[in-house]
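The structure appears below as structure tokens.
Going by the order they are written in, the chains are A, B and C; count residues from 1 in each one.
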Amino acid sequence: MNGHRTGIEGGLALKISRLLAATVAAGVMLLAGCANETPSAPATSAAGVTGNVTVFAASSLTEAFKKIGTEFAAANPGAKVTFNFAGSSALATQINQGAPADVFASAAPANMKTVTDAGNAEGTPAVFVKNQLVIAVPKGNPKGIKGLSDLTKPGLKVALCAEQVPCGAAAKKALDAAKVTLTPVTLEQDVKQALSKVSLGEVDAALVYRTDAKVPTANVDGIEFPESAGAINDYPIVVLKNAPNKTAAQAFLAYVQSDKGLAVLTTAGFQKP
Amino acid sequence: MTSDTSIGTASRRVRSRRHGRSRIPLALLIPAVIGLAFLVMPLAGLLIRTPWATLPQRLAEPGILTALGLSLQTATLATVLCILFGVPLAWLLARAEFPGRRLVRALVTVPLVLPPVVGGVALLLVFGRRGLIGSWLDATFGITLPFTTAGVVLAEAFVAMPFLVIAVEGALRGADSRYEEAAATLGATRWATFTRVTLPLVAPGIAAGAVLCWARALGEFGATITFAGNFPGRTQTMPLAVYLALETDLQAAIVLSLILLTVSVAILAALRDKWIASP
Amino acid sequence: MSASPASALDAHIKVGLGGFDLDINLTVAAGQVVALLGPNGAGKTTALRALAGLRPLSGGHIRLQGDTLDDPDGNVFTPPEKRPIGVVFQDYLLFPHLSALDNVAFGPRRHGMAKAEARALAARWLDRMGLAEFVGRKPRHLSGGQAQRVALARALAVNPALLLLDEPLAALDARTRVDTRAELHHHLHDHPGATLIVTHDPLDAMMLADHLVVIEDGAIVQQGDAQTVTARPRTDYIARLVGLNLYQGTATATAVALPGGFILTTAQTHSGQVFVAFPPAAVSLHQNRPEGSPRNTWQATITGVHRHGDNLRIQLGGPLTTAADITPAAAAQLHLTPGQQIWAAVKATETHAYPAE
């Protein structure tokens, strides 16, 4: 792109320059937002935050974000948060097809990249939490599983996520790191499906995020294993370029990254970035 | 019989008439065209976005053919299962008097309204390792259905069976039950009447129901992935492959969808000429 | 138990219907053709279905060749497929998916005959019906008359002890009907078993049957051979069917007092309950009161005017409900319109009076 401007590249350049302009504008707005709403002084100073914020968030964020949404709305009377929880890739597709969202919180940088590459993000995404894998086993751990190598025991049924989804990619990384080869009975489409197979007792173990295993209704135990450190998942968040309610979106993003927001997230099992 | 013939000749007459087309009322034509467009546009959308250049090389990927083969095989087996059990069930609903028949008919449609994923969970609760029947199957015969190809067939049959039952029941209700009486006066037992008279009479209805059933089974996703899981070569059918492809590669997903569409449309068109058109 | 071959069918059919009960006795001898005649809704088809075992009896019995097929009180019921009865249904109900040959072979096959044998038998039956060239046709490619004959062949191919025909000619157009009726008569005559025809058409009944049984509202109102029934109708229904005006009253010599008080003069002398019948053509209409020979005259109101063959049939109200047939010329002269008052006259010699018992 260095100087060689064909017609096509010219168009592209135009797009990029527009994107830059938008990014600069967003940066200015972000600065302004930060000036107004530092995490240490939330809520009261956000008197201007009204209307609806639509947040597209990875399904692993469901419980924590719902709680944050309630708190945010309580702190900002007149503001309301609407969530769309789904797999990160589905959300990214929806956003790129023009879904009217204000904020996107992804469970993996790859899906976030899809959105930023398409020029639909405002500013640079920030990693707000990390998540790591645990072995989910039925409550009480009837098969006595202590680590990844136990998963290769004969007759043991294991569910993994498909490699195409973040939890599957992380699982592969962890298994590779541990030099464990195992044949799962199923490659699930998302982490909640993998978890539910354990909850229902259809499999003896599944590799899921620590946060998922902590959900009380899942009724599973999470077994930590050292190799998961090599497969930590970053959760980026960003305000979207076509956000209908940018002010509120910035405020919500700030709230998520505030101490209060992070407290909710860490209680749910996420790690601080 | 006579009325059939007269309808046949009447429609032939209309078709042969030059001005037949102008007689279609606009009040029907406009919504019909909108309806058709609504159904066809998404297909057009897929076709427009298809990366034709890479199509052959995508087709050559072994995983795709495996998934396609598995899809065709399981959908066909599920349809056979639905015919074996669904036709007698439809007969019961259409011909037999028993208390609670209306309730039974309502129950038959449950898989239609149940979100397929919930259907899959429900199947796990019955046929799963800890399920009502599944635990017994496991303990007695060592058979487990989840995560097996048999499980895929079961999940597909579960969601597709109502289509067959409803179509066949409708055909049975539409068929004149007096033919069955005529058969009885000629010495036919109830079973002979069913096989020699009733079944041939409703054959077009069964064929139509089987086609619907097969198409539904072929596109089945939610119940399959929930009950049978997703494992290439064993339980990963085309819809599952499409969904996972969607996670990373939209174009691959489009190609897979297109293959599934083409194959199913080709098979249905071939069958239609044989079965549905001529009763 | 009437096991004599003289009465192949001995039935007392009792079936509860919506408004009334069907309750009739029927006997049909082997080789005899009996017509069950009656208006729509009289219970004819119900009787046929009960005989075929398609509808259970609520009482009475059905015996065929000495075997009890039905006896609700004795808890006996023979399902239709076990009865030696053949049925020709009103719209034939030929199996649409089978050829004419396979339709006819269907019964013999179900009775255990080998396929080739059954088809040979069916071919012989169709040949007898003059349908040899139509054996391979599906019912939808047969004409009404052909379908009727296939249906007859199908019913006869199981060699039934009792053959039931439900309105066998009703589905045919007028022309086909005449030909088919003659043929049907021929085939029924050849049938060695008993035959019962259900019909609302008196012409079919009279031409096809040896014996008529007339039912109305579930009960037998008259029976006998065609001549007796038509000559001396005992109900309005039969009188209308055979085209007669019919009245019942009390006779004193030649005067018959009708329930409304009107007195009809007849030629014959009777006493007690009698029927008086005269054809519509015997009624003459006049603008003014007619004079002359001994006749019945009364003032009537025109309630309807219809075409009836070459003539006009005038429906009259007033002291007598009467039908009168007059020529169009006479009608034009009288300027007949409904509601009009007119004088009606019938000569005593044109009336026919007979005891009502």
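Assume a residue touches a chain if its C-beta (ideal position, glycine included) is under 8 Å from a C-beta of that chain, and two chains touch if they have at least 3 such contacts.
Everything numeric in this text was worked out from a predicted model, so none of it was measured.
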item: Graph class of chain-chain contacts, one of line, ring, star, complete, other; value: line
item: Longest centre-to-centre distance from chain C, chain (CA-based); value: A
item: Per-chain CA centroid nearest to the all-protein CA mean; value: B
item: Intercentroid distance (Cα basis), chain C paired with chain B, Å; value: 52
item: Whole-Å gap between the CA centroids of chain A and chain C; value: 86
item: Between chain A and chain B, centroid-to-centroid distance (C-alpha), Å; value: 38
item: Per-residue multi-chain contacts in chain B, two or more chains; value: none
item: Chain A residues touching chain B - in the complex, by the definition given at the top; value: 87, 89-90, 93, 157, 159, 162, 164-165, 184-189, 193, 196-197, 200-202
item: Residue ranges of chain B in contact with chain A within the complex; value: 121, 124-125, 128-130, 146-147, 225-226, 228-232, 235-236, 240, 243-248, 250
item: Complex interface listing, chain C residues touching chain B; value: 52-54, 79-83, 85-87, 89, 91-98, 106-107, 110-111, 139-140, 144, 147, 154-155, 158, 171
item: Residue ranges of chain B touching chain C (in the complex, touch as defined); value: 1-2, 4-5, 176, 178-179, 181-189, 192, 196-197, 200-201, 203
